[in-house]
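For reference, the structure discussed in these notes is given below.
Think of it as A, B and C in the order they're written, each chain with its own count starting at 1.
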Amino acid sequence: MATGTRPPRTARTRLAVAGARAATVGSLTAPAAGRRVREFLFPAVLFLGLSVALTGLAALIIWAVVQGGERVNLGLVTNGPSAINPEQAGYRTAILGSLWVIGGVIVLIVPLGTGAAIYLEEFADRTRWYHRLFELNIQNLAGVPSIVFGILGLAFIVRGPLQLGFVAAAGSITVALLVLPTVIIAALEAIRAVPSSVRQGAMALGATKWQTVWHQVLPAARSGILTGVILAVARAIGEAAPLLLVGAVTFTMADPSFFEGSYTTLPVQIYDWARRPQEELRTLAAAGILVMLALVLAMNSVAVWLRNRYEQKW
Amino acid sequence: MLPLTDLTTDQELTMSDHHRPGYQPPHVRPAEPPDHRETTFELRDVTVSYGGSPAVRGVTMDIDRQQITALIGPSGCGKSTLLRCLNRMNDLIPGARVEGSLRYHGEDLYGPKVDPVQVRKMIGMVFQKPNPFPKSIYDNVAFGPRIAGVRGSELDGIVEHALQRAGLWDEVKNRLKDSAYGMSGGQQQRLCIARCIAVEPEVILMDEPCSALDPISTARIEDLMLELKQQYTIVIVTHNMQQAARVSDRTAFLMVELTADERDRWGELIEYDETSRVFTSPADPRTEQYISGKVG
Amino acid sequence: MITPRRIAAASAGAGSPRRPLAASRPRYGERVIRALLALCAGLSVVVTTGIVLSLLVGTVDFFRVVPVTDFLFGTRWAPSFSDASFGVLPLVAGTANIVLWSMLVAVPVGLSSAIYLSEYAPARLRKVVKPMLEVLEGIPTVAIGLFALLFLRPLLEELLPFLPWRTPHSVGVAGVAVGLMIVPLVASVADDAMRAVPRSLREGAYALGAGKLTVSTRVVFPAAISGIVAAFVLAVSRAIGETMVVLLAAGASPNLTFLPTESVQTMTAFIGQTATGEIATGTIDYYTIFAVGALLFVLTLMMNMLAIRLVRRFREVYE
């Protein structure tokens, strides 16, 4: 190295130097006994922090079981809501509404989310200025509060151009738009993980771009995309805030259908009963929470199992 | 439907003008007329640049049919870049530009009506690192014919034929449904060759096909190449001079050139001749230096 | 007519006749597919435009009736009263309270979880704990809200009886619950940031004789700092946008207060409660949803952009 010149101080260099200095200072000045105590105490404190989170989780589950356990029976899912007879009320209409909403969500997010990710990653011109904007936009959408999507749904889907009214389809589209960024981001990661050698091999055999994507890239990215979809659906099942604005809080005895009739979903029904003062309704709400927890656990397990089983080691 | 083109078999070489001091025209000896070798590729002053900086410059040569042509030279001399021009794989790299004339059986390979996808069906490629698809052995070989529209029972025959020609059939005939990733490196590369053959190309391009393989697999693939050349035109890029000497009929030597301030570098064709002559009595001193290991 | 090429081809025993280089037919299918895919990608832009438009139009209508300064700086929020007042500060204070209490929980718990999992935990423990945190992240917010109302609130009153508990709703309790809910978010983003620190940095410090404490706090943590700050910023954004927990546990009274035991109304709770009631279009009440929603959107947008920039800067250091 020529005298008088120093290598540029990159961030990494600075960090390495600072770390080395801290390490040297630490090992030279700390008295041995105090250091051993600290070395033991520190992870203990950290573990304490972690256990707060885990205890909270355990407390929540136990509380739900205690509070709502007595109401868990078949009637919980087969009975409709009943104003007069809270002990007999059940979540039937809510579950049906949830099924409609989630069904619509799945039908929408799989093609739209995968399609958007394929376009951005495989077909779009990356040198253009608007490509970066696309990605930035999706990342921003992923962080918009869910209730703002409710406002969007109220303005454009229930009223506005789509004029669907307060029906399950409106709730379905609203929630689908809410979780779409999550699916797009997961699909983008999965598609990016497919190595370029696969694409090159396919194109060298005379495949068109779409043939390469459809026959090679998508099947290889399948498990990553599926995991993203499952996680998005798990989130969608539990969403209540945006649905408040698109009409899900009603008292409805009739089973809803997709495009007409008032509807409600499981979490919204739980919310509705939870905010009432009657004790039986609160118990009912807690029982509903148990049902939801079971669902969430099931979906998370499926997603984890899928991830472990089909993880492609490139 | 065969396009009616005017086929010229005479090897007319046009040297382009390089007004550079110290420039020596490449030593390119045309093939002997009595062989009546047909020309597959005619390159005239081909220059490839990435994002404005040239990678290989002014290449003029003819590649003959049903022969093995080897491209040798040190790293960075543009051999792979040149190879990728022949099946328009450079199209996939943003910012890549190909100038000059590149004719395939007399037709301009980069003409406005030419469809790169069709080109690649006729000019196949095998890559340096074996890249089988994450699918079964059968599906790997069947992919090309499948997307060309071949269905069902015909596919079985094509797959078997291709695997036999690649010398892989006996080893895998009982496990066609197994994942291709379960095979050894040498087997995977032969699978890639089978995959390429299944599309019935005319030309097979090979970009350092054996550099990631052990010597035994390498020997098997070299034997395979010698068999395949009876039916296909093969162009191979190799780092291994002995390999070029062993298998190729004609050898092209490219070398790295630098600008005075060493900022830009590109490759140029130095010598192109029958392999035996290139390796025993090369015309250019630079060739001699490279072959004897004095350089690069 | 037999051309020279055909003879040569026949004599050389080539396989198939030569295929033309031009495409046999223009690939319309590919073009259509490409257009459809572009539409899918364009949908995301349409959604953002829709959100901005819907908020903008309602807000503009709102500000025709209510002066901007009254809205932004007023301290009394009573839109449905006869002597209506539209000062949004109580709502903002309610949200700020939630952010404060949730960060008090989420930052230490989330960060310590992250450091523990990334630096100290054996691989098997990590494999068990990470899914548990993912479950916590996936719990529906209504559950967290009811948990806060029916379990945490009485519990905290028992533990801290000296505080002035007056109502069953309490912003402090709701904040703590939101904090618990956000812990997995903080933990996973911070954990990713710390795991991205290259081993060479750690190993260099260990080779100098540093202990784990020093390495974690003086080497890894500073190296991952922008990723960790991004985690906090994302957490704040999440806390600002949370609706169900505050609806159930924080209350519906727009108080401008900082006492944790008080019942308050956050921006999100206001929107949710107003919508649950029957609101006719065209009334000023209807437009308040959009005005408050716009403020909410702007705040979270700023947070998210900051977080994105931090993550990008962090990635640039190591890639």
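In this section, a contact is a pair of C-beta atoms (placed from the backbone, for glycine too) under 8 Å apart; a residue touches a chain by one contact, two chains touch by 3 or more.
Everything numeric here is computed off the predicted structure, so don't read it as measured data.
Taking the mean of all protein C-alpha atoms as the reference point, the chain centroid lying nearest to it belongs to A. With centres defined by CA atoms alone, the chain at the far end from chain A is B. Inter-chain centre distance (chain A to chain C, centres taken as mean C-alpha positions): 11 Å.
One inter-chain figure worth recording: chain B and chain C are separated by 52 Å, centre to centre, where each centre is the mean of the chain's CA atoms. Averaging C-alpha coordinates per chain places the centre of chain A 48 Å away from that of chain B.
Touching of two or more other chains is recorded for residues 208 of chain A. Annotation for chain B: residues 117-119, 121-122 touch two or more other chains. Those residues of chain C that touch chain A in the complex are listed here as 27, 29-30, 33-34, 36-41, 43-45, 47-48, 50-51, 53-55, 57-58, 105, 108-113, 115-117, 120, 129, 131-136, 138-147, 149-151, 180, 183-184, 187, 201, 204-206, 208-219, 222-223, 234, 237-238, 240-244, 247-248, 268, 271-272, 275-276, 281, 289-290, 293, 296-297, 300-301, 303-305, 307-308, 317-318.
Residue ranges on chain A touching chain B, taken from their complex, read 126-127, 197-198, 200-208, 211, 215-216, 219-220, 312. Touching chain A in their complex are the following residues of chain B: 87, 89, 92, 94, 117-122, 124-125, 127, 129, 131-135, 143-144, 146-148, 192, 195-196, 199. By the touch criterion stated above, chain A contacts chain C in their complex at residues 10-12, 15-16, 18-20, 22-24, 26-27, 35, 38-39, 42-43, 45-50, 52-54, 56-57, 59-60, 63-64, 67, 111-116, 118-120, 123-124, 134, 136-141, 143-152, 154-156, 159-160, 177, 180-181, 184, 208-210, 231, 234-235, 237-241, 244-245, 249, 267, 270-271, 274-275, 282, 285-286, 289, 292-293, 296-297, 299-300, 304.
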